[in-house]
Structures are given as structure tokens and as C-alpha cells.
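In the two assemblies presented below, chain A is common to both, partnered first by chain B and then by chain C.
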Partner chain A sequence: MDTKKGFDLFILNQERIVLAITAVIFVVASFGLPGFLTPDNLVAVVRSVSVLGILALGMAVVIIGRGIDLSAVAVMAMSVAWYLQMLNAGWSEAGALALVLSGVILIGLVNGFLVAYAEVPAIFVTLASASFVFGYVRSQIITADAVPVPNGHWLQSLGAVQFLDVPVEVFIFATFALIVFLFLRFTKWGRYVYFAGDNPVAARNAGMPVRPMLVLRYTISAILSFIAGLLTAASLHSMNTRVVNSTLFYDIVLVAVIGGIGLSGGKGGVRNVLIGAALTGILLNTMTIIDIPLIYQNLIKSTILLAAIIIDGVLNPRDEQTAQQGDI
Partner chain B sequence: MKKCLKMLLAAAMLSTGLAAPSLHAADDPNPAAYAAALKGKRVLLVPMAMGFDLAQGWSAILKREVDAFGGVFETRDPNWSVEAGAQAITEAISSETKPDVLIVMSPDLNSYSKLMKKAQAEGIYVVLVDNPANFKADAYVGGDWTQLGRLEAEAVVKGCGPNSSKKIGLVQGDQVNATSLYQYAGIMEVLEKKYPDFKVVAKPDSNWDATTSRNVTTTMLQQTPDICGIIDFWDGDATGAAAAIREAGKQDSVFLVTTGGGEKTADCDKIADGTYGAVVMTELAQETHNMVAIIKYLLQSGQKPGTASPLIYTLMKATTKENLRPDSCWDLKALQADAEGK
Partner chain C sequence: MSFRERLQAWRYNLIPDHLVGEILTKRWTDNAIPFLVLVATVAAFGTSIPGFFKPFSLQESTRQLGEFSIVVTGLTVVMLGGGIDLSVGSIFALATFAAVSGFFIFELPVWAAFLMAIGTGIAFGALNGYLIGFRRLRAFLTTLVTFIIGRAVFDILVVNYGAAIQTSSASSDVWDFIGDGSIYRISIPVLTALALAIITHIALTRSRPGWHVLAVGGSRRSAHNAGIKVKQTVFMTYVYSGFCASLAGFLIACRLSGAGPGTGLNMEILALTAAVVGGNSLGGGRGSVVKGLMGAIIVLVMNNGLIRLGYGTGTNQMVIGLMLAIAVIIDIRWLKNRHKVLNEVYVAPVYLKMGETQSAVPGSASPYALNNAISKTDYIGLGALEGPEDVILDRDDHLYCGTRHGEIIRYFAPDYSRSEVFAHIGGFPLGLAFDRDGNLISCVGAMGLYSISPDREVKRLSAETRRSWTSVQDDARLRDPNDLDIAPDGRIYFTDSTKRYDAHDWALDSIENRATGRLLVYDPKTGETKTLLDGYRYMNGVCMAHDGKSLFFAESWACRVHRYWLEGPKAGTAECVIKDMPGYPDNINRASDGTYWMAWLGMRTPSFDLSLRHPGFRKRMTRRLPQDDWLFPNINTGGVVKFDETGRIIGTLGDLTGQSHPMVTSMREHKGHLFIGGILNNRVGRLRLEGADEGWTGPLSYWGERA
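Showing the complex of A and B:
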């Protein structure tokens, strides 16, 4: 993508098409829907996709490196459910947090290890680890689907924090977007993610530590999932593990892919996640304002995802190299 | 005197002797018949999932009761998956140790209808709980969801008061589940017939998910800032609507009504702290004991499965801060501890 710098201002790629669609919906909604273009509503739009956006940032890092992490939602829900369960059982804050954080990192490491060293396809590894994480925590650790945040815990207060009338989730999303941007753009290992995603064999031959990098990406994804889970619990004052069975995972992929991060790896960045999140947020918000029933909302969402994938396929045709190596 | 006593004693002995046959009759034959009908009978509960308050409450009480009559009680946990539930029922029908009574919480009106018919054909009594289905069960034990909607509408109208904006928002579940559709019908019936000046300004779906409920409620409150009441169709996701109201700083101006199984931490604690204005609750213990009575009846009736399909509706009422009592709710932890202790 970045190799064609200079002349591509008018070339339509998926990112720009989606940006244009987003802008059109935004303008139409601003004029057509009373109450859309108010500061409060716009803050609510950003906020409604903050958690999704953080999950999508983790997914983006993995997808750019030509992988996928199906365990993100399970890690998000189950790690926080485990954490809350321990707090409710009287564990100390530090002890519970340390244990859960090491559990989360361990899952990331195992995912990465199996993909990088055992060379099992990412889709199978993370599918299995998602089931394991959900099944183990649900059956062995927690007693009900939903675990409440204990009264007076800092998560309860976190959900209410606002700066300048903007909820703290928005700032946390922005902070992580900045961190991931800096990582991908300005660190050596961040740049390597693109090379490894574009052509792992060439990257390895060039001397990049391809395998340790893979492990790092899955660990980053797991940690971001845990943070997204904490934010969810902060807002809802509980963690309902039923979310693992929901379509949240597809929404995460939607945000990443619709913004223009190709599933074949090596393409895209934080900007694409932001565009994808903006479209998703605005779309959901306008559909709710118009009062479109949920089944139609899903239809509209999925149609847009399908269109984005088709456009991606046409604009970024699979080259010989991808066809031979296969993507995720 | 002594003679007198002797005669009395003799009379007493005689009378006991005479009474002897009736004393043998006091050796009640009924418990033996009861035991013969119930002992070793298998009861299988297949809820939509085991991990939520209703299912855990049912199973705790059912286990206690079934164990008491010498039966075998089992549960299956489909974990909200319709396929897994169907598989559990299929496996139960074809297994060596067939259940005698199958208690099913159906995920929707139609998914399990055929399977449940098959179960009846195999001689298994099928009891539907909580969610109605298009199927002639041997009994339906649970709520009348239209009535539940009516009670919710009454509660929200009362919570709003006559001098309010009279604008109400609904957070529905989805557009396929009977519990959501009937609830909606009940609410609209009351609002249209009794309170035509109350208007429903928005009615998004939460898909039973708390985060979605929060997002749609946030939008609803921004679009119509003077909303006076919201009905969220389940306490499982109403935490989301509550979060949106809390975050908008409208706890005092928006009256939130929801429905649930009356578990302490899920419902009563939240009525007490003002999160929910009113909760239309199912009396879980009553409902489960209705199931127990039906199970005992069916197993002794000798009737063929599918003979009759009575509706055993559970009493429901709206609980608010005003009528909240220490025993308004049941405590899942206590019930589980109790079950484990025994």
C-alpha cells in the first residue's frame, strides 16, 4: 500500500470507499435525523465502539501479521469473569489481578507458540484455545453466566469517570490506538509485522525473528482483550460470559476488515481500524435512531461486510505468492 | 374399685381387639403405592443453559424433591445453543436409561416441537417450563408472558406518574422469541386500552445482550431526553439499560422496569439500590413446586403422554422499593449451599 505513494490520491481503495460511505451516512444522518449531530450523541457513538475498537486493535496486529485470533472474545469475557469471581471470593486486588494477568499472558503465549513453533494454523489453535478458556473458566471457576463487580470496587468508579463530559473509555481507546500506532509505525518489531505478514519466508530469510514476533502478537491481542473486558465490566458493573456465544467476534473482524486491513496480511494499520470503527458506530447509531429491528440491522451490517470483502478481492487481487502460501 | 378397673381394662382390650382391623388399615397403603409409582423414576431437565439463576433455582429444588421420592434427577447444559439442546433431547430419547419425565425450557416456539412429540411417542412425559412452544406438552409450568407485559406496563405507568412526560422506551429482546413477542403484546395492550396518553417513543432490540442494551438505551435517552420510563425485557440485559441511565445521570427521572426470576443479587438488591424501579418477578420456588406436583401427578396418573395439556401459570407481581420485603427474593447461594449440604 505504502509503496505506491505520490500518485494514488484519486485511486479508490477499500479504505477510501469505506471512508466515503461513512462520510455520506454521516452527512445524511446529520441533516435527516434530528438529534444525530449533537455533541452528546457523537460522544456516544465513539463510546459505543470503544470496547469493540480496542478488541479490533489487537485483532489488527494479528491480522496484519497474517493470522487471526478467534480466542479474543473468550479471553475478554472469561479473564474478567475469573478476576471478578476471585474478588467476590475475597482475594486481594493485587493477587487477583496478578494471577489473571499471568493467565491472560499465558494464553497469548500458548496461542503464539502453537502457531509459531508447532506450525498449527492460527484458526485452529485459537478456535481450540477459545473453547478451552471458555469451558475451563465456566465449568471450573465461575458458578453462573454473569459475575457482578463487587460493590465499591474501582471498576465501578472507573465506569463513571469523565473528562470534559467525555467518558473515560473514549480516552482509553484513543490511548491504545496511539500506542498500537506507534508500535506498528516506529518500532523495529512493529515494522517487521508487515514484512512477516506480507511474506513470512522472505522475512525469515532476511533474518527477522519471525517466530518470537508471532508469539508477541498473540500476547498483545490477549492483553488488549483483557483490557476491553475490564472496560465492559466497568460500564455494566458485571461480566456476562454469554457474550462468548454472541456475534461480537464477527463485529471485531468487521471493524478490522471493513476498514481495509486485508485478511491476507501485510496491509493496513490503526487508521483502518479507526475508519472501520467509525462506520460501525455511525451505522449502529443511525439504525437505532431510525428504530430498525435488530434482524435487519444484522442484515445491513453483513451486507456491508460482504460488499467490503468483494471490493477488497477485486481491488487487491490474490497474487501468485499468496495463492501458494495461502492466507489464514 | 379394682373390679371396676378390671372391667374397664377388659372393655378397653376388647375395644382394641375390635378396633384391630381398622388399626391395620391405619397402616396406610398409599405410601407404598406412591413409592411404587415414583421410586427410581428419572427426571431430566433441559433448560436453555444451566448458568443462570432460573435454571439453577429450578434444578436445586427439583433435585431435593426428586431425591426425596427416590427418583433420579439429571440436567443437561446446552449453554444457550439450540443445537446442543436438541442433541441432549435426542440422546435422552434414544438412551438405555430413558427419562420418565422430560422438563424442557424451549428456546423458541418451534425448534423442539418435533423432538418433544417423539419423546411423548416413546412414553416420556414432557413438561414445558417458562417458555411456551407450539406443542401439546403434558403441562406448561411458567409465566403468562402477555400478563407479564401487562404488569410491566402498569408498573411503568405508575412509576412515571400522571404529571410526567408520558414517554416510554422499550428495550425488547428479539423478534423471534415468544417471551419477547408476548411481553410486547401485553405492554401495548395495556398502553393502548388503558393509558392512551402514554406513548412508546422507541423500541429497539437488545438481543438479550447487556452491551447492546446499554448502547440502544444511550441513544434512546439522547433522542428523547424527557423519557420517564423504560421497560427492558429481561434482567439479564437490563444491567445495560441501567448503566446507560446511570451514565446519563438520569437515575431520578427515568423509571426502569424489567423482569426476572427473583434472585436476590439479580433483582432485589438492585431494587433496593435504586437501579431498577420495579421488577415483575416469577415466584421461583412456587413455580418449581408446581413442577414437582405435576411430575408426581403424571407419574401416578397412568395416562398416556400427550393426553392433556394443562397450563400452570405462576403468580407474578411487580416488586418495587415500596413492597420489597426480605423474603421477596430467593437467594441462589443459599439454595446451592443447602443442596450441597444435603
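Showing the complex of A and C:
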């Protein structure tokens, strides 16, 4: 264990390495790329990672508790698509929102219940629920891939709201980052997330409500996904459900893992999400400015994610004592 | 008999509930659910899709099935090894591209295109295997990422070279034959899939590498401790999966002669669902190639069926998601609760009304009246012995008895204070007998019939009999061989007390009270074991009559002694000679005066007799109460009973103090002394018999003077 608690600048950990790399890319891009270091572009960078960041916050809470939520993107896209579909069909604002929100919470509860009480590995539960949520909404509720935001709806205007020349998404991301930070840092249940993620059996033996906590985490993740979806719809004025089949999920994991949230659980926090989001945002922005085609961007991102996972495996080796048989 | 009791007797004795438990102990029940789902799926889609079973339609759909099941076979191997491979879709797509580009762009011969495809798959699999096996990364995430990398590479390649493939004019008969041809109307992909499935199955079940895969999947740590190279084994499973995916990719390359953005799309979740729906366990160790194939058929029929029935976009994903979730939940819950379910349903008591018995109260005029005759014996091996179920003495007066440690201990005459381990067998040696040549034959609980020669060579005589056709359970194995005796012609007659429980679960057998005890005979000339009688309630002691023409055997839970005729007009039949005893009989042995000694392991109690008339009560008892609270036969008071050839009871020796010999399972008369053993006792007792023949010994009675 790391016994040094003080702020020692000479100790290298993943967080600092990533921070350094981010800084280097930032500096190089600032000098090398025309149009990078403009206020508009920097705002665009922050704005582009806002949605990703909110999704990553939910994922971070789940990963710290030694889980993973592959259904985040599906919940994000399909819940909002359902919501917009209902609005377009003439539902009242409150009715549609209440129904969708209860649907989202239900998905979170079912995910959590299956992981906590049926003891099915999180990866399979959320893989199955992602497939189900997408398939159900796509085949039973909506009729086309993309659902537009109805004219005059508050989501349309939300996308245009700016505060001190900064889009409102950025503030929303900041607000949620603060809430999650306060939750993880200063509430009892927030601390339990770390204990349960570090050693679930010990946490349970110590009397923590490990199973209800699991359900809570997946529900938080689902709600944050819904909010991220609303922001996406606000800026794009529609929700394209094809995003479920895109690589967005890998971006989320990339943000969480690259910032230093160990996949074995119990490590990391909101700061890691912010660092991961910064690197990812700058990276994506730089690649777009250099005009790398999307398919090459995918290759680069996934290679970086692989490198991140390998480094994660070296820094946080799997513990034979607490790792369970079949923990894949 | 009251109507209620009659009803109980019908309900519990005629309905074979015990079969439920016996079926659940079978490994093949794991396959039952996927198989039923398979039949239901094929039936449902076969009837709702017109022309589903037409040969042409079948041939086309099975082509796709062949490729898909090859991929699933590879994934199954990875899952058996405790991993998972989500990158199969990418490997499949890349291998397809490799084959197509080799054939159409570089215009290579078919075999070279084949090698390119396979090489791609193996290289990709080796990357996965290195990261997961040697670097010990998480299989799911790692293959998820390599899947994305593979997909990105594939997309780039298709965008850049797709046009070149379209415009190529390369062609080959071999290529077309692999793509479209068939042998005996079975298409090439199906034949390949079958061959691969058979090879993989044999490799997994009958070869060293296959066993290593299963061992690693079953318990990684134990496999490592057993000296298996865990990392290499894991590595090889991913290489194999890459090989399988690329083989399927090559086949589809030949069939479609092209590669597009749709190649291998969604294959990972389909293959994963197939493997899990078929019943392969997540986390490894349990599963088979056949399960993977069943799952492949289910998923593909359902997937294609939904498309052909015209359901809209997304329906497939919904159904696949639902199937995956349900299959995984069933797998996890079943694995976790199987033994609990088994415990719940295995004990299936039957109804029995025990007959009225004569009193055993001390001082009553009954021949069964207990006394204190064996409360004062000379102890042999007190505190040093554990569980002398049977005792026997040889021609030199040495004493032999088995212990629960699987040993046979010899105490040396004349004072029996010195002892040695005569032989170590294992199991729990119960009944003992000397044959004509002085070999000690023993029924070893949980193992079988063993022979120990005078120079201590242990030899197994028999561990199985012929399996009966109607039994669900494998009743060829001897579960609880209990006692034996040897006929003058050398044949060994022995009992197997129960088919349903192992020796140490005898209490459960008494609570269930099902008649499954057997009398068997082992013929030393042919080495064969045959079942003579079946269907007795815990068949226990066996003893040859003094003339060697019949034998007596005890039926413990029914408190009866039967006589089985070896010769004469009644040969091959059994008749009951003593019934409704107040005690549970155990071993029977010869006495010097031409009569027989019988041990009582315990005494009947009114409460347990009553419970035998209430099977439902006993079933609830075993389900809801901890074992310590169960009602079972009283084994705190036993005794020794003497009876004659006709079954008349001569007298009873008891221990009312309960200190020396509370439970008696065996006694042996030797030169005017009675040697008493008990399976739960820690001593052998020696009792002086007044007026008994001082020269009489067992070996003399059986085999005469030393040859």
C-alpha cells in the first residue's frame, strides 16, 4: 500500500500521467493547430465532453462499486426517444416525463436487482438489458431511427441557452459533477460505494447494505443517462437511436478508465472523471481539427482504450483473494 | 387400517417421487431445458413459416447455421476455460476480408486465401490470449476493446479496398464448390461444423489439453495448484476461438464472395446468447460442444424466423436481450441452488406399518426381555479403536476388526493388548469373513468387496453388479456393501444395504424406509457378481446356516430375518423366519450349539414406528429441521439375540447401563467367548459364555481342520 499520504509531486500515478499527457497535447495543439486555442473552440471542447462527462459520472459510480453498466447508452437514447415520441403524440409534458422517468428508474432497478439479488454478473445483465431496451423501444414504441424534438419545446430552447458565453450544458455537467462529488465524498452511502467496491464480502460482513446499494448505483446510472440524453436532444434537436450501435459506450469507459478509476473497484472519484473527460475531449477535438476520418478516430480511440486497460491491469492487478471464480 | 392411512399408503408408496431426486442427480438434466427450448423454437417457427421444412429452405438456412455454430463452438471452448470472447464478430469479419482479398485482389489460389484467413484469426486470437492469459486482464472488457479495434480496422479496409474486390474477375471451381456445393445434399459449412464439433468434443472430453481447459474453468486456483499451466491453457482457448471464427469467416467468404459493412455485425451478442442459452456456464467448467450447438440452432432459428415473419427493426434485439437475460439468470440460479433443490426433494419417505411386537422389558417373560448380560465385558482396544463394525477371529485366535479410518486392525492372542494395522484398504471396512484359504474377505462401505490375503495383499473382488434396466439411478455401483458370508463352494454372498444413499447416510435411509436393499453373490471362479434378491429395507447381516444349504439375512428397518435357500426344493427363494422383532437386526453369526447369534443395532420406539405411518411428516421433518432435530431409530440400546434354525428366539443379552455396548452391530463366538463390536463404539468386548463349547471356532465350523 501507498503509505505516503502527502502531496508528493514526484510520485507518478495514472492520474498524473494522464494529466501530463493532456497538458502536452494541449500545448502542442495550441501551437501546432490553427484555431485550437480560440475561446469558441475551447468552449466547444468543454461542451462536447459535457454529455460524455455526465454519462461517465454514472459509469464512475457503478465502476467504483465494482460493476459496469453497458446499458447506459441504450437507456440514454431510448428513454429520450420514447419521451419525444410521446410528446409528438400529444402527451402532456408532466405525464410523459413522469412515465419515462419511472421507466428509466425501472430499468435501473431491474439491472440492480439482477446483479445484487440474482447474482448475475453485471456485464451480462446490462448487455442483455441494453439489447432489450433498444429492441423494445425501437420495435414497439418508435417508428423511425430518429425522433425530432417538437417545435417550441423547452428542449429546443435549452440548447441555445448560454450563460457568460458558455453553453448551459457545461454548467449542468459541473452541477452534476459537484453533486456526485459531494455524494461520494461526504455521505455515508457514498463512502459505502468505495467499501463495497473494494471488498464486497467484507463490506457485507461489516453490516453495510451491500445489495440495496448495488440497486441504488444502477438506478443513479440510469437516471444520469436519461439526463445526458435530454442534453443530447437539446443540442441536436432530435434523438437518433443509431447512437446505441456507435462507439459511444467505449468513449464513456475510456473517460472513466483513462482518468484512473480502476475497473476492479474501490478506487477513483469525480476528479478522475474530469481528467479523463479533459483528455478525451481534447483528443477528439484535435482529431477533428486535423480532419481524421471517423473510422480512423475509432481505431485510435479503441487503441488508446486498450492501452488504458493494459495500464490499469498493471497498476491495479487483480486480487486473487477477493476476485471470485467466474468474475470475468 | 383407517381410510386416511390407506390414502397415505397409496400416495407415498405408489407415486414414485424418489425418481425426481434421482433424475436431478443426473448431469444430463442440465441439457433438458435447452433441448426443450430447442424443440419448442423449431416447432413454433417451423409451423408459422410456410415452407420452413422444405429441403431447399433447410439447406439455405443450415448453411448459415454451419458458419454460426463454428463460431459458437470456439466461444464455447473459451467459456469452458472460464473466459469470454466478444471479438469473434471482428475476427470473423477480418478473416472474411483476408480470404476475399487474397482471392480477388492478390488472385492467390484458394488454399493460400484459406491460410490468410486462418492466420488472421489465429493472430487475433493470440493477441486476446496474450492479454487475458498472460497479462491477466479482464476477458470481457479486453475482448470488447479488441472487438472495436478489429471492427475499426475492418471498416477502414472495406472502405479502401471494397471496390477492388467488387471489380475483380478471379474465379475458381474449388472456391465456388466450398461456397455453394454440397455432399449428399449437406452443404460444406454444415459438414465442416459437424467435423469441428466432433473433434472439439473428443478433444474436450478425452484429451489432456481438453481436460486442462475444463480444470482451469472449473477452478483456476486448484488447476494451478495441480500443476496445470493455467496461462498457456487460457491462451490456447482464445487462439482456438480465433481459429474457429476465422474458419467460419473463410466459409462465408466463399459463399458470398465479398465483404461488406454488415459482415459479422452483431455476431458477438448472438454467439454469446447461443452459448449461454445452450446451457454453458458463465465462469467456466460446465458445458459442452453439444450445448453450444443447441444454443446456436435456437438463436439462429429465432433470429431468422423473426426476420422472415416480418417483425420490425429492433424486435430481434429485444428477443435476444430477453433470452440472454433469462438464460443467464437460470444458469446462475440453477448452479447455485441445484444442491438445495436436490436436498429438498431427494428424501422421499414411504408408508410402512410395523407389526405389533413382543415386549423387551426386563423381567417380562418374553424371550426378548433385556438384561445386563453384556454390561460387563473385558474391553479390547478401549479408546484406541474407532468403529469396529464387525469382529472376527482366525485359527490362531488373533482378533481382526475394521475401523472407520479404512484399516483392518489385528489384535494378538492371547491377551489382545498388542495390535497392529493388518491392512489399509480405505473406505469403511464393515463385514468380515475368512474363506477356505484363510483370506480375509471384507465388505468395505462405499467401495465394494475386498480380499486380504494372509500376507496382507489387498485385492478388490467386486465393486459392481449388473445394472437393472428399470432403475433411473445407476444401481450397478455398490453403495453400501454391508455384510458377507461364504458358502462351502466358495461363493461369497453379500448384502448391499441401499441403492439410494451412501453408507454414512444410513439415517436418511431409515427415515425414507424405501426397500432398496439387495442380496448379491460373487463367484470367485468367474469373477462375476450377480443380484439375487432386491427390494428389502436395509439388508444387513448374512450368515450361512450350519449345513451350508441356506443362509439367513437381516432386514434392519423392517426388523425381520429371512432365510434364503441355496439348495433343495426352495432354492432361490427367500422366506421370512423372524418378524416384528423389538430391535433392528444387524450382523448374524453362527453359535457353537448349532444356533445363531444376531446383533441388534438399536431398539424400536413407538414414536418412530408411528412416524413410519406418516411419510408426509418425515418428509417435512427432513426439509425443515436441522439434522440434529430429526427423529430416527433409537441406537442407544442394542443387544445380542440368539435364535435357532426355525427362527425361535432363545434369549437376549443386553446392556441396560448403556456404557459398554449400547449399540451392537456384530458378535463372534470363539472358544467359549463372545466378542462384541459396535460401529459407533470405541472398543471390542469379550464375554465369557458359560457352558459353551471351549473348542469351537468359526474357521473350524466353516472349513474344518486346517488342511
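Keep in mind that, in the parts below, the second predicted complex is superposed on the first by the 314 of 328 C-alpha atoms of A that agree within 3 Å, B and C clash if a C-alpha of one lies under 4 Å from a C-alpha of the other, contacts with A are read in each partner's own complex, and residues count from 1 in each chain.
Throughout what follows, contacts are C-beta pairs under 8 Å (C-beta built on N, C-alpha and C of every residue); 3 or more make two chains touch, one makes a residue touch a chain.
Because the structure is predicted, anything quoted here is derived from the model rather than measured.
**Student:** Applying the document's definition of touch, where does A:44 land relative to chain B and chain C: first, second, both, or neither?
**Tutor:** first
**Student:** A:238 contacts which: chain B (first), chain C (second), both, neither?
**Tutor:** first
**Student:** With both complexes superposed on chain A, which partner does A:35 reach: first (chain B), second (chain C), both or neither?
**Tutor:** first
**Student:** If you stack the two complexes on chain A, which partner ends up touching A:165: first (chain B), second (chain C), both, or neither?
**Tutor:** A:165 sits against neither chain B nor chain C.
**Student:** Would you sort A:128 into first (chain B), second (chain C), both or neither based on which partner it touches?
**Tutor:** The second partner, chain C, only.
**Student:** After the superposition on A, what does A:137 contact: first (chain B), second (chain C), both or neither?
**Tutor:** second
**Student:** After lining up the shared chain so the two structures overlap, which partner does A:146 touch, if you call chain B first and chain C second: first, second, both or neither?
**Tutor:** A:146: touches chain B, not chain C.
**Student:** Examine A:285 and indicate which partner it touches, taking first as chain B and second as chain C; both and neither are also allowed.
**Tutor:** It touches chain B, and chain C stays clear.
**Student:** Overlap of the chain B and chain C footprints on chain A, residue-wise?
**Tutor:** Comparing the two interfaces on chain A, one with chain B and one with chain C, the shared residues are 138, 295.
**Student:** Okay, in this complex, where on chain C does chain A touch?
**Tutor:** Per the touch definition, chain C meets chain A at residues 82-84, 131, 135-142, 144-146, 148-149, 151-153, 155-156, 159, 219-221, 269, 272, 276, 281-284, 311-322, 324-325, 328-329, 332-333, 336.
**Student:** Considering only the defined contacts, which chain A positions touch chain B in the complex?
**Tutor:** It is residues 34-35, 38, 40-41, 44, 47-48, 51, 138, 143-146, 148, 159-160, 167, 232, 235-238, 240-243, 245-246, 284-285, 288-289, 291, 293-295 of chain A that touch chain B.
**Student:** Could you pull out which chain A residues touch chain C in their complex?
**Tutor:** 68, 114, 118-121, 123-125, 127-140, 247, 250, 253, 263, 295-296, 298-299, 302-303, 305-306, 309-310, 313, 317-318, 320, 325-328
**Student:** How about chain B: which of its residues touch chain A in the complex?
**Tutor:** Residues of chain B touching chain A: 49, 51-53, 56, 79-81, 174-176, 202-205, 207-212, 214-216, 218-220, 222-223, 236-237, 239-240, 243, 246-247, 265-266, 332, 336.
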